[in-house]
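Note that chain A is present in both complexes that follow, paired respectively with chain B and with chain C.
On to the complex of A and B.
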């Protein structure tokens, strides 16, 4: 196995173009597990750690641009207040050691349906910035990024450069069910982001379908029920959160597997959706959570 | 006394002497068996069966042998001696012969100059399999004679042990309250640190020196040598750095394989399993199905127990027979039951082999009988603690085997103590880490209900059923640099329990010296027996004490010769010989005068007897140990997530030898029981393991294991060295049913299967 070590982004793109068999590696918290478990033996590893600009973030055009190599720990500390949903998800990733090394870019590249960052990226309407030497930069909306289990819209010669998302315009929450209280892969997860200016609520479901996905019908239901200015200043109507939860549960396409049953996943999603909507709404009425 | 009150910092018996490997392990500097290295070594890997049951139609190793860097590829045909080994029955092939009986069974070995080369060569071995339907129904294997056999014509029943006491027909007429339950225990893994590994070095005498992480050097040696076709003395073992064991290192894993490759290649051979391979490389806790019926009077006194326990031993016997013996003899728990009909079975299937794990047959039964005791309490309208107190054994009680408990057994008082612990305060909702779901942010208090549960367990200490167990210790006292120093040499495996520390504490106390060295454990000294059955403090502790006493007697004789007078009642203190009146009469340096005094002693516990094969009667156990747990949990009843808020334990250890190490044993045992209650299970479907990794085999983290309260009692056992009682296993028994009882209390769910999964609570 070759170990490729570009020192700049341009060099990384050039190496990528010439080595479609190379697997990009950042923190290695996913790639190295697969190699150690002999799940795969890639022809080469493309080590992006020396490309230091990947580990930075910036505000640009009113949006937050988070480099693909920014470790979770720094994401939580440095931009967590602006992307609370993503930061909550990042806090649930692995152990402190894993969070010191793991990155959003790695989560996207692996595209596991159970990846913790996907639901908040979907709920927030994030975009993934990818680039290749030949094709230049593409911006892919998160919901178009995930194509199947561990399959993405990324082309063979492209690398993930960053994710873009607007600082939270309203309350955001992330919730994940696992069978222990820390360091656990999601049985299923749910993210919610209130977008008050657009009078809409964004959602993201994790680990309950071949890809992370939005609960479109649930989003439309809320947009309809909460149409108009007054609704956004009042308490949630009775039964609304429950109905929202049911629709989120219905949006999933879960399976029975070693981590849980399909029926439990639907049930848990409904509970998490109801609770997170309730929390987000309480935050909004209380004026907390950046509403 | 409480542990907090114990002296800390000292190094004599009763002090919290610190273990020598503690800092090294925490800082990552400890040399595990996987760190062994020889300059000219080659690496061994194992080809394993992907199928739980198949006929082997052919093995072609030619492509593997052709890989550059490969030194040897071996199959069963290359095993020079006995082809089978095993702890109780020699039923397990060194390498599969003509068929495989479980997923992961070793089929062939490769040695190469690099581990990746060895793995690639392994992938080029072509094995023809005719795949067969796996036999995975343990209950049918136990009870249905028409069920196909796993081992040719041999019965699928490895052992059936009945217990028959009293008159069941009469008992059924007398019982006013009857409760029934069916329970299931999933397959737990020991999940020790430091996967199986070792280094085999060929020796000039044609033998082999094996450095390995194991639990019992001599039983390894006895199994390895015949398979290599060597006399026992030419297979020498030295204990390498062990991470943990919990029973999983009782059976052989890579030992014979590494030796075979070393003898074939003439090079040192290192084999290191990865974590995934480790899940296939050792036995697990027997999964169990248990049917219980309890009859009681209306005031909650047990009249009878009628029970059937089926333990799935998987493809090979391992220690299944002894596990069945424990499940049967301890199957009604620490209660006086006048009438018992109990049948315990251990069977062969094509599931992963199961054998020893902390608690050893007593764990499975404890979950069932304690669940039943709560049902009896409910049926009688009694408090769960009260019903246990009314039936609790005490010194003088007769167990279901007819054995009379001839040592303190203050169980009723221990239960009272557990009930008297103050209740933990209600959980706040400010920090999600205190709530079910923890950092996953699933509740801010919604759906959370508190529950409390109690359980007790009874565990045998030391080997049982007539086994003539012993441990050997050699102790040498001499002066080094003018100071008296003791050297303690045993073959006892330090597997993390703290035995090295304890041996030194005993020598310090018995010989009155400060400087004690514990030599590496190896087969150069007699057997110490296994680091199992909570027996090493008792057995090797007893042996070290006996050897120290023998050394002390000789030293006092030397002092008497030197002083020309007898010294009745003399002892050794602070490097001096001290007469009965308390006055020092000579220094050890003077008495030894450059000589060394060395004594070797074998220690044996009192004899036990076998269980009658038809009635299960017999004085089968050496010692009994008891632990009581109270568990307090918060459960998110909507999502089925559990936060154990507090575990409190009351345990009688006879005598506290090292408070800190003892606390660790109680905490660790309780945590392992928590794991079985809530998350730890090797999931097997059709004989195939679905989660062989720590990604999906979950063990408790620091956010799952709560703070513990402990109350430790010291009611000395008059038969045991220092009055001690083995302490490592009892907490593992009772913490599981206590936690499940607490979850039932919070949710009202029946919860008859462990580990309890979220969907059992929320979708019930």
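On to the complex of A and C.
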């Protein structure tokens, strides 16, 4: 196995274009499991760790640009207050050791339907910045990034450079079902983000379909029910959170597997959606933007 | 394919040739004879291979040796200052924080790394007040040590040892 160590982003893109069989590696917390268990025998690895700028973040054009190689621990510590939903999800990934190495870019690259970053990225309306030597930069909305189980919109010659998110404009919450420790992958998960300026609520569902997805019908329902300024300053109308929960549960296309039945996942999603909306709304009325 | 790398292990520079597929854990154990990091799962799940890698706790079974040319590694063996045990090591002995001892070097390295994280003010999943410095109660210790499993179930004494070591 060849080991490629580009020292700059340009070099990484050039190597990527020339060696389509090379597997990119950042924190290695997905790739190394596959290599140790010989699920994958890549001809080459493309180590992105020496490309320093991947592990940085910046504010640009009023948005946060989080480098694909920023480890979860630093994301939580350095930008957690600006992206509370993503930070909450990051705090539940694996174990402390995994969070010291694992990254959002790796989570996107692996594109497991159970990846914890996906729901908050969908709810916040994030964009994924990808680049290739020949094709230049593409900005892909999160909801168009996931194509199937472990399949993404990333082309063979492209690498993920960063994710872009607006700093939270309102409360955000993330919730996940699954006993908590390093061994457990989410049975299902849900993220919510209030966008008060747009009078809209964003959603993201994880582990309950072949790809992470938004609960479009549930979002439309809330936007309709909460149209107009006054609704956003009052308590939630009776029954609204329950109805929202049901619609979120229905949006999922879960399967039965060892971690839970489809019916259980739908039920759990409905409960998580109802609760997170209620929490977010309480935060909003209390004027505490962060969660 | 082989590559020549240098690692600073427990204060000593070591040079070795490794196959590019070799993990840091195998390089330490098989090539350098440093056997305090243990292979429990080779999967990132048990934490028994934890060391301090450039100052942060990391599982060595998911790190490639070639990717860490020049790295500083501290294992449980390197924590002691000669005969003088590290306070966390002493606490594990005094509180009986082990039974078979297989998970212990990983637990100790993880605990030392974790105490640094707390000192730096990093919050955890169970930290309620995100503004102040985290207070290290038992719930925090358990959460922050959730990457280290113990098949003997010595958890209550491990928590007690870390409580003592943190003082």
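Operating definition for what follows: the second predicted complex is superposed on the first by the 285 of 291 C-alpha atoms of A that agree within 3 Å, B and C clash if a C-alpha of one lies under 4 Å from a C-alpha of the other, contacts with A are read in each partner's own complex, and residues count from 1 in each chain.
As a working rule, a contact is a pair of C-beta atoms (placed from the backbone, for glycine too) under 8 Å apart; a residue touches a chain by one contact, two chains touch by 3 or more.
Values in this document were obtained by computation on a predicted structure and should not be read as measured data.
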{"item": "Fit or clash between chain C and chain B when superposed on chain A", "value": "clash"}
{"item": "Chain B versus chain C as contact partner of A:17, first or second or both or neither", "value": "neither"}
{"item": "Touched partner set for A:285, first chain B, second chain C, both or neither", "value": "neither"}
{"item": "Which of chain B and chain C A:36 touches, first, second, both or neither", "value": "both"}
{"item": "Touching partner for A:264 - first (chain B), second (chain C), both, neither", "value": "first"}
{"item": "Touched partner set for A:187, first chain B, second chain C, both or neither", "value": "first"}
{"item": "Partner chain(s) touched by A:98 [first = chain B, second = chain C, both, neither]", "value": "second"}
{"item": "Chain B versus chain C as contact partner of A:153, first or second or both or neither", "value": "neither"}
{"item": "Chain B versus chain C as contact partner of A:253, first or second or both or neither", "value": "neither"}
{"item": "First, second, both or neither for A:25, with chain B first and chain C second", "value": "second"}
{"item": "Chain C clash site on chain B (candidates 5-13, 23-31, 77-85 or 113-121)", "value": "23-31"}
{"item": "Common interface residues of chain A - those touching chain B in one complex and chain C in the other", "value": "33, 36-37, 91-92, 180-183"}
{"item": "Touch list for chain A against partner chain C, complex", "value": "1-3, 5, 25, 28-29, 32-33, 35-37, 45, 47, 49, 73, 76-77, 80-81, 91-92, 94-98, 100-101, 180-183"}
{"item": "Chain B-touching residues of chain A, taken from the complex the two chains share", "value": "33, 36-38, 88, 91-92, 173-185, 187, 189, 258-261, 263-264, 267-268, 271-272, 275, 279"}
{"item": "Partner chain A, residues of chain B touching it in the complex", "value": "119, 274, 276, 433, 436-444, 446-447, 638-641, 643, 678-679, 683, 690-691, 693, 695-696, 698, 700-704, 757-759, 762-763"}
{"item": "Complex contact set, residues of chain C against chain A", "value": "1, 3, 20-21, 23, 42-47, 50, 56-59, 61-64, 66-67, 110, 113-114, 117, 120-125, 130, 144-149"}
